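What follows is a set of structures for review.
In the two complexes below, subunit A is the common chain; its partner is subunit B in one and subunit C in the other.
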Partner chain A sequence: MAQTSDRSKYLISPALVIGLFIVAAYGYFALSSFFAKGPPGTQFAGGPTFDNYWRVLSFGSNQEVLLSTLWASFVISVITIGVAVPMAMVIVRAKREWIGNLIMLAIAVTFLSGGVTRAYSWLILLGNKGLINLGLTSLGIVDAPIRFLYNWSGVGISIAHYLLPFAVFTLIGAVRNLNPSVEEAARSLGASRTTTFWRITMPMLLPGLMVTLVLVYSIALASFLFPMLLGGGKVRMIANQIYDRMFVEYDIPYAAATAVVFLISAFVSIWLISFVAKKIEKAVS
Partner chain B sequence: METLKSSTLQLAQLTKTYHSFEAVRDLDLNVPSGSLLTLLGPSGCGKSTVLRMIAGFLNVTSGQILVDGKDISHVEPNFRDIGMVFQNYALFPHMTVASNVAFGLKMRRVPKEEQAVRVREALEMVQLTHLADRHPSQLSGGQQQRVALARAVVIKPKLLLLDEPLGALDRNLREGLQAELRDLQRQLGITSILVTHDQDEALYLSDYIAVMNGGRIEQLDTPIALYDRPQTEFVARFLGVPNIFSSKVVSSTANEVVITLGNQPVVVPTNQNKPAGSECKVSIRPSHIDVARAEDPRQGITATIQSIHELGERIVYHCAIDGLKIEANAPRISSSERFATGQVVKLVLDPSHTILLRD
Partner chain C sequence: MFRRDFESKFGIAVTALATLATIFLLLPVLFVVLHSFSPTRYFQWPPQGFSLEWHQNFYNSELFMGAARNSFLMALIVTPLSLVIGIPASYALVRSQFRGKAIIQQIILSPLIIPGVVTGVSLLSLLSTMGVRIGLFGLCLGMLVFALPFSIRALSANLLGLDPRIEEAARNLGAGPVRTFFAIVLPQLKSGILAASVFVFVEALDNFSISVFLTNDSTKVLPVAAYQYIKDFDDPTVAAMATALIVMSVIIVAFLEKVMGFQKSLRL
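Take a look at the complex of A and B:
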């Protein structure tokens, strides 16, 4: 028996091989960021240089795209969680089971439909003559159609919609782990529903909320399709920029430098969020 | 803490139905002020449903919950002024012990200084002042439940509801906390409802016990009366009486009937009007049967001992009366006479504890 368990560690080798290849590819890509753009068909050329990093960090437009990607991802993630919490609560706690099942089904359908399909659906819904604006104008709620497309609102809505299943599925576990007696205890001690929610339920959910926030934030940072299709070139996130540099400008070193800077800032921002989250959890307890 | 002004609780035709299932049916109950009443029964008998309706966590289908004569059945739980202790403690995990206890006072906007005083008093009462700054996860189960108790009584509630409060604790701890709970309840004089399926706990803690079955109260009595004189077969079985016999009434007078056990007549006092020839059931606890020599002068029935088990405090005799199995207990002390397997003995039934069960 000891022998088998001894050998079992070798089972990791296929994963290790694949992992090494991927790391090697990443490494090679990262390495290219220290060189100049090569002739067509090559990755890079010339001697080592920090030029690409200087370009990434010094141009105002680059900084703007980077910062807006980080900030927008954060805001969209927070909004997503704001929507996901009540949904998870209803799924877990609805007295009529079919209500929870219906919401689960809706989320699952969203989850399984492809990104392009969804982006296109949002184009139909959010356009100046889309269903939402048509409804709003014909009901007389607004005079002129609200512009959702080619700005952050449309991109934000579609990304939030994309993130929602991730957030809801993660939060279902957290909500299921809540002990309902604790909330009942608060009610019997004189707390209203609202007070109980904010002072008891939310603090108990906080660790789950923070995990979910980091998860959806990481996913949001990598958004590519929705800003491309619903942003119409006016809203650009970092993945679009990297894509353009690689496949439009064929400047792989420049793209690589952008990716490296982005990766580092993503890590730093995620670390920052977790750090603040821990502080908040401590302060609440 | 000083004694509370205690309230009375009255349930009037309380009913709870789920679709077509009646969890609680037309329940009437009076709890005198300052007393502890236990709802005892197997799981699914409706006892927790009753408690949760009193607390306000479940809507009442029909009927009334009267506290000091005022119907509270449609009042939100946060306005009912009821303290509750849960089986799983239900402490606020993100708050210290002191903040847990202070929560109800904070909700009532009690001034800060008074809060501090009352929290300290409540923690003194359960001897946990030294743990005031800990978090619930750092406490043992018994300590957590004492915090929960302090948290429930610090608001000076009109009623204290205890939902299997000792169910999650191990045996030794449970007995210690039982005594503490009993003393505290007496000392505060707070009207309390306890829900449990543990008869020992119920017998120890209660002033009154209501045994529930199928959403109804089978018997409401003091612990001793319930133990000695169960009125129905369900209650007798639930309280662990092994000797329940089906028989026929041979003859009856105004206050007693004669039935047969095996082929031998037994006189059972009763005020039930049972005509001769009717079916009946009798129950008798093994400890209410005296095992005596066959030549004993007292009235009794002749039986043969089939097996003998000496257990901790008692000797258990399994006997047969003309093929009918009956169990009798004797205290396991040196003065009680020992009999042998196969020996013919006389079983002397204590007439006041031989019970003709109601149908």
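Take a look at the complex of A and C:
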């Protein structure tokens, strides 16, 4: 036993060195949030202060960006899961296997083609004269082009699209664990398909849905490129605010305080979602 | 009889929704490929012909080719390193008990729960305080730090599915720990290694939130170059870059499918 433990020390130490390096970086950055902005080329100066936190928490624009990041991420995650559930069900349950394989292929290619590619594509697709608006107007669904860019709708669409592969991958496991005979039992006892879906399938799927929600929510919170590109400065999420404070205002302590407040609210909101999820699961079962 | 009824009818609504979702998923990927062959600078429908101008533009651009060199160089350095460091680490984390294991695991995996932008600024902050100039070294270090947890997670998932008794049997038959590792463990880790390398490689090429902080003009990488180009120019050259990346990802998927079936290899 002592020998095993000795050996694992050597096996793990390179990774641990790297881990300690990044934890040191986090710690140092968090530390700088308690100081004032330093002269160019330095990280921070002066004595300890809570000034940056006061600025982050008291300015209306900061509160707005924080709250809209949390709320929008939640809404986008819920919508994404709504889109992902049918995909996961078809992948797992389709009688013809090629259908499921085809969807998996589409997900894999999209997933691997990267975020920048997709952000750019949505930028062109969602323009006033883009394919989406062209389709909507020529089909007579809308009279005038809808403005998707530089507001939450375009940013939300692109983030949902980015989250979708993660959601489907996670849900596949949950759907696979469902026992179809329970649903069949409900049907044979006279429940309609819709009733069976909402009263039997969904409650059984609930734990999986909640795990997926927490995962995609945490990815959505970190969105940076999509609001930057499709929000055009009008839609800003926390990550964009941190970036601007680093590279526009060169105020590292302010950026650090923003990041600390962001992380704390992210963890609290994730904890809250998990807490509510457990309550719901208990109530349902 | 009843089962069939349940599946087929229930399937229609769900299948329709899944089809729409798949169209939504594929639309930007297919569209950007189409757009890269556009004869006009701006999007037009139906396309008025076919042009390779943007592809030529991309492959002749000093900005993009320099960025592609940096990106691939970085990905080719970071991917093997994340395996060489990640395989022993995940073996230790999965197979043995030692003091402080939980906290060590937390430390190593911490970039998984911290948003990329925060990891990026933190690294930039520490590196510049340490006097490390932002260059290829800082960029590779940053990407390694960020990608290692993903690699360890994929490898650990694979290791958890392996039966440790096979290793014990090898040891009992007289094989040393090194030989057991190379002859027994490593061959069984094939799918985890493949998944980890695909993920790290793609992440290294695509990551924006770390690299935007750790690059300068001489170490610009593809996503950062693309972002700057989109801001300054309004033409489909970035669509040509996207097409190249999509072709690469199709090749990767085909390769994974051939080696082991991608359903198995994409359990990340």
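Going forward, the second predicted complex is superposed on the first by the 277 of 285 C-alpha atoms of A that agree within 3 Å, B and C clash if a C-alpha of one lies under 4 Å from a C-alpha of the other, contacts with A are read in each partner's own complex, and residues count from 1 in each chain.
Keep in mind that, in the parts below, a contact is a pair of C-beta atoms (placed from the backbone, for glycine too) under 8 Å apart; a residue touches a chain by one contact, two chains touch by 3 or more.
None of these values were measured; they are calculated from a predicted model.
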Subunit A contact check, subunit B vs subunit C, more residues touched by chain C
* Asked: Is A:191 contacted by the first partner subunit B, the second partner subunit C, both or neither?
  -> first
Request  = Using the touch definition from the top, say if A:25 reaches subunit B (first), subunit C (second), both or neither.
outcome  = second
Q) Touch check for A:239: first (subunit B), second (subunit C), both, or neither? A) second
**Request:** Using the superposition on chain A described above, determine whether A:182 touches subunit B (first), subunit C (second), both, or neither.
**Result:** first
Does the superposition put A:284 against subunit B (first), subunit C (second), both, or neither?
first
When the two structures are overlaid on chain A, which partner does A:117 contact: first (subunit B), second (subunit C), both, or neither?
second
Exercise for the section: With the two complexes superposed on chain A, say which partner A:200 touches: subunit B (first), subunit C (second), both, or neither. Expected result: first
Once the structures are superposed on A, label A:61 by its partner contacts, choosing first (subunit B), second (subunit C), both or neither. neither
Overlap of the subunit B and subunit C interfaces on subunit A comprises residues 184, 187-188
In their shared complex, subunit A is touched by residues of subunit C numbered 2-3, 6-11, 14-15, 17-18, 21-22, 24-29, 31-32, 35, 42-43, 45, 84-86, 88-89, 91-93, 95-99, 104, 107-111, 113-119, 121-129, 144-145, 148, 152, 177, 198, 202, 205-206, 208-209, 212-213, 222-223, 226-227, 230, 236, 238-239, 241-242, 245-246, 248-250, 252-253, 256, 262-263, 266-268
Note: in the complex, subunit A contacts subunit B through residues 179, 181-182, 184-192, 195, 200, 203-204, 206, 284-285
So, in the complex, the side of subunit A touching subunit C is made of residues 4-5, 7-12, 14-16, 18-26, 28-29, 32, 43, 83-84, 86-87, 89-90, 93-95, 99, 101-118, 120-125, 127, 129-131, 134, 161, 164-165, 169, 180, 183-184, 187-188, 193, 196-197, 218, 221-222, 224-225, 228-229, 239, 242-243, 246, 252, 255-256, 259, 262-263, 266
So, in the complex, the side of subunit B touching subunit A is made of residues 55-57, 76-80, 82-84, 86-88, 90-95, 103-104, 107-108, 135, 148, 151-152, 155, 161
